[in-house]
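Structures incoming, each one as structure tokens.
The two complexes that follow have chain A in common; it is paired with chain B in the first and with chain C in the second.
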Partner chain A sequence: MDDTSYVGMHYRSEDFNEERPNRYTIIRAQFDKWFSRKVRDAGVVLLCETTVKELLRDTHGKVIGVKTDRDGGTALADVVILGEGVNGLVGQRSGLRSELKPDSVALAVKEMHFLPREVIESRFNLKGNEGVVIEAMGTITAGMTGTGFLYTNQESISVGIGCIVSDFAENGTTPYGLLEAFKNHPSIKPLLANSECKEYAAHLIPEGGYKSIPELFGDGWIVVGDAGQFVNAVHREGSNLAMTTGRIAGETVVWLKRRREELSKANLAEYKRRLDETFVMKDLKKYRKIPEFLHSNKHVFGLYPRLVSAAAQTWFRVDGADKLTKEKEILRSFRKGRSLPGLIGDAFKLARSWR
Partner chain B sequence: MTGMVETGVLGAKVEEKLFQNRYLVDAGRPHIKVRPHDTPSKALRSLTYTCPAGCYSLNDKGQVEITVDGCFECGTCRVLTAKTGEIEWEYPRGGYGVLFKFG
Partner chain C sequence: MHIVVCMKQVPDSAQIRVHPVTNTIMRQGVPTISNPYDLFALEEAMRWRDRFGGEVTVLTMGPPMAEDSLRKALTFGADRAVLLTDRFFAGSDTLATSFALAGALAKIEQEFGKPLMIFTGKQTIDGDTAQVGPGIAKRLGLNQLTYVARIVDLAPEEGHITVERRAEGGVQVLSTRLPVLITMLEGVNEIRRGSLDDAFRAARAKIVTWNAADAGITDLTKCGLRGSPTIVKKVFAPPPRAEKAYQVATTDLSMEALAETVMDEIFKRQTSLEGDLMRFSAG
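Up next is the complex of A and B:
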């Protein structure tokens, strides 16, 4: 995207209308209610409105439970699975992992815009339970490393934008100012027309990737989800990584319990061994160099979108200029914007980080 | 919420956005505190524009103040000032804080 245009790639397929669709947009407040009912049906005791303050350890340092903010609120356990999210205060303050770094975590702000289902369906060409996801990058992040997003739900549209926290601090832009500008971009504004905003939210997203993954297990504990940095920033995947790491943690513990094995560090290493075999670790490892590439090559978010957009405009505009002249103008604009060695160097760096 | 309200590039008032949200405020027990200081560091001062809820503002002495009522508990301020240690950050007591209607 530049300030007035966008160049896009679309993919739509009837094949996605399967018996069991492969991806969903969900509203967490609703999903969490549904999921907690499922786990309670399975016999789990849920303690809501309770904040865990710290881990409890025995004299050998093995984790044996948690201390909460309830009166006399300690809970003992054979194993503590820490799914405490991106901030992960309990694990951090217990020395299981270090504090997040401002340059490897993103701040995303999001609004929920409501429209009648028929309006969303006609505006986005949808039928049944189909949905649309739009990811956008370019001058909308004001030179910062980040992306904008928009996705449809049945009766609402989620729209937001996120950038690296240290970029926000250096740039001086407010997150809500950036979101307003994105919503007012000529290619986004008509999609939201006449909608009613019912919530504004903000969240951190751990984007350090493979290199920021902390210790994942120890005597009596395992880490899952955002607390373990399980986010694939390139593909904008996080919920599925959280679900997968949670499932594998559960399966590992059940497997060890059935074998009557101790939940020691050595035995819980099985969790990591199993994770290494899944897409979670394989993908994060594949993209291990990408976070650094994106953070240190701001051209990707400013210069290149501008150049590509200008090239598309030159190419598509019918103005009497001949096509060869247009081609030369496009090439000239690229070489002027970023010298030939610069262009080749960026392509080479991207290719190397991608592998 | 009180204090100065930061406005965005298009004059977007964060205050107006926060009206949509639901909170249960733990009155008199703010979960985030700014430690007493004379001059804020660059990191602390940056919170006056990086906080997505506009909770931080400068007082007339040039010190950074916080009103936690609109807080999302996102952690941006904690991450930015982790090195300088200028704020104390806890989650609200169980049951209090932001209640996401949709999330």
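Up next is the complex of A and C:
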């Protein structure tokens, strides 16, 4: 995207209507309610409105439970699985990991715009349970590392934008300012026309990738989900990684308990071993250099979108100029914008960090 | 001492919307909460239990999902929860509700001991009638103390209670004999945060669930829609005001200037007002 245009790639497929594993959008407030019911039906005791303040350790440093903010608030446990989210204060307070680094976490702001279902279906050309996800990058992030997004729900559209926190700090731009500009971009505005914004939210997203993964297990504890930085920023995946790490953690503990093994650090290493075999670790490892690449190559978010957009405009505009002249003009704009060695260097660096 | 608190799960009225076209209340997706007024009753009940010992039983009538608000009451520290749920109760107005609850209270007395006090909130936020509490008292032949701001004195042994009741134009101090039904005013206490033990107990607790037959309620003609003479003829949203609000612009932000500007605007629109005010202030 540049300030007035967008160049896009679309994919839609009838195959996505088949009952096969795929991604979908979900309203967490409703999903969590349903899911917690399932969990309780399975016999789990679920405590809400209780904040865990700290991990409880024995004299050898083994974690043996948690301290909560309620009266008499100590609960003992064989193992504590920490799924405390991106800003994991318990883990930080308990010295399991350091504070979040501003350059490895993104701040995203989001609004929910409500529209009747029929309007969304006709506007986005949808039927049944189909939905649309739009990911956008370019000048909308004012030169910062980040992306905008828009996705449809049945009766609402979620629209938001997020950038790396350290970029916000350097740039001085406000997240809500970015979101306003994004919503008013000529290629987004008509999609939101006549809608009513009824909810808004902000969230930190761990985007440091493989290299920022903290220690994942120790004597009597395991970390899962966002707290373990399990987000694939390139493919915009996070919930599935969180769910998978949670499942593997649960399975590991059950496996150890069945074998009557102690839940020590050495034994809980099994969690990491199992995790390494899943897409979670494999994907994060594959993209381990991407965060660094994106952070040190700001051209990706400013110059290139502008060049590509200008090129598309030159190419598609019918104005009497011959095609060879147009091709030359496009090539010239790229070389002027980012010199030949620069272009080759960027391509090379991207290819290397992709592997 | 056994105390029963009658509670209701209600839609969170802050989040109810009226359908712009049909003018009906949109109940779908509206989260439910414990009726806020009932929490003052619950806290008051628990305070007296803590002082004299005994048990607090919470009772609610509603659909199976009303269990959530009962579990919440247990988290706050109630000892036992009873859910009265049956499709025969659906569509109850206050008359039918007080009939069903009175039946359940009689059953509670049989099962768990005679309550010396029965509490309700002063009213619910969805119906706002304040009729169910007094209705229960009448059906069970209890003394009733409504709009109670403070329990001044309670002597369970002697069977005696003194309360302050907020009435129009003052505070009444009333004494009566136990057992008694009390509807508690809001703002008189603050619901406690239960201990971790309470939270665990609540999460694991088995809610006592009764249908009409379990509660010993046999006359189903007095229950639910059939037992409810109240008919809602029409629900409507008030028409939007024809006159739009308008903004008054001013650059000087001092208090005097703001007041001056606003008054000017008002006088401009209410031409007779300034003269009236002048006459009034002149004497």
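Details
By our rule, the second predicted complex is superposed on the first by the 353 of 355 C-alpha atoms of A that agree within 3 Å, B and C clash if a C-alpha of one lies under 4 Å from a C-alpha of the other, contacts with A are read in each partner's own complex, and residues count from 1 in each chain.
Just so it is clear, a contact is a pair of C-beta atoms (placed from the backbone, for glycine too) under 8 Å apart; a residue touches a chain by one contact, two chains touch by 3 or more.
Keep in mind the model is a prediction, meaning the values are calculated, not measured.
Look at chain A after the overlay: chain B and chain C fit there side by side. Look at A:32: by the touch rule set out above, it reaches chain B but stays clear of chain C. Here chain B and chain C are compared by how many residues of chain A each touches, and B touches more.
In the superposition on chain A, contact is made by A:71 with chain C only, not with chain B. Angle at chain A (Cα centre) between the Cα centres of chain B and chain C in the superposed arrangement: 50°, in steps of 10.
In the overlay built on the shared chain, the residue A:262 is in contact with neither chain B nor chain C. Of the two partner chains, chain B and chain C are each touched by A:49. Residue contacts after overlaying the shared chain place A:174 against chain B, while chain C stays out of touching range. When the two complexes are overlaid on their common chain A, residue A:58 makes contact with neither chain B nor chain C.
The gap separating chain B from chain C at its narrowest, counted between C-alpha atoms of the superposed chains, is 9 angstrom.
Shared contact residues of chain A with chain B and chain C: 49-50, 68, 70.
Residues 45-47, 49-50, 68, 70-75 of chain A touch chain C in their complex. Contact residues on chain A toward chain B in their complex (touch as defined above): 27-30, 32, 48-51, 68-70, 86-87, 89, 99-102, 105, 107, 109, 111-112, 156, 165-166, 168-169, 172-181, 184, 197-204. Residues 75, 193-200, 203-204 of chain C are the ones touching chain A in the complex.
Contacts from chain B toward chain A in the complex involve residues 6-10, 12, 14, 17-18, 20-21, 43, 46, 49-50, 52-54, 72-76, 78-80, 82, 89-95, 98, 100-103.
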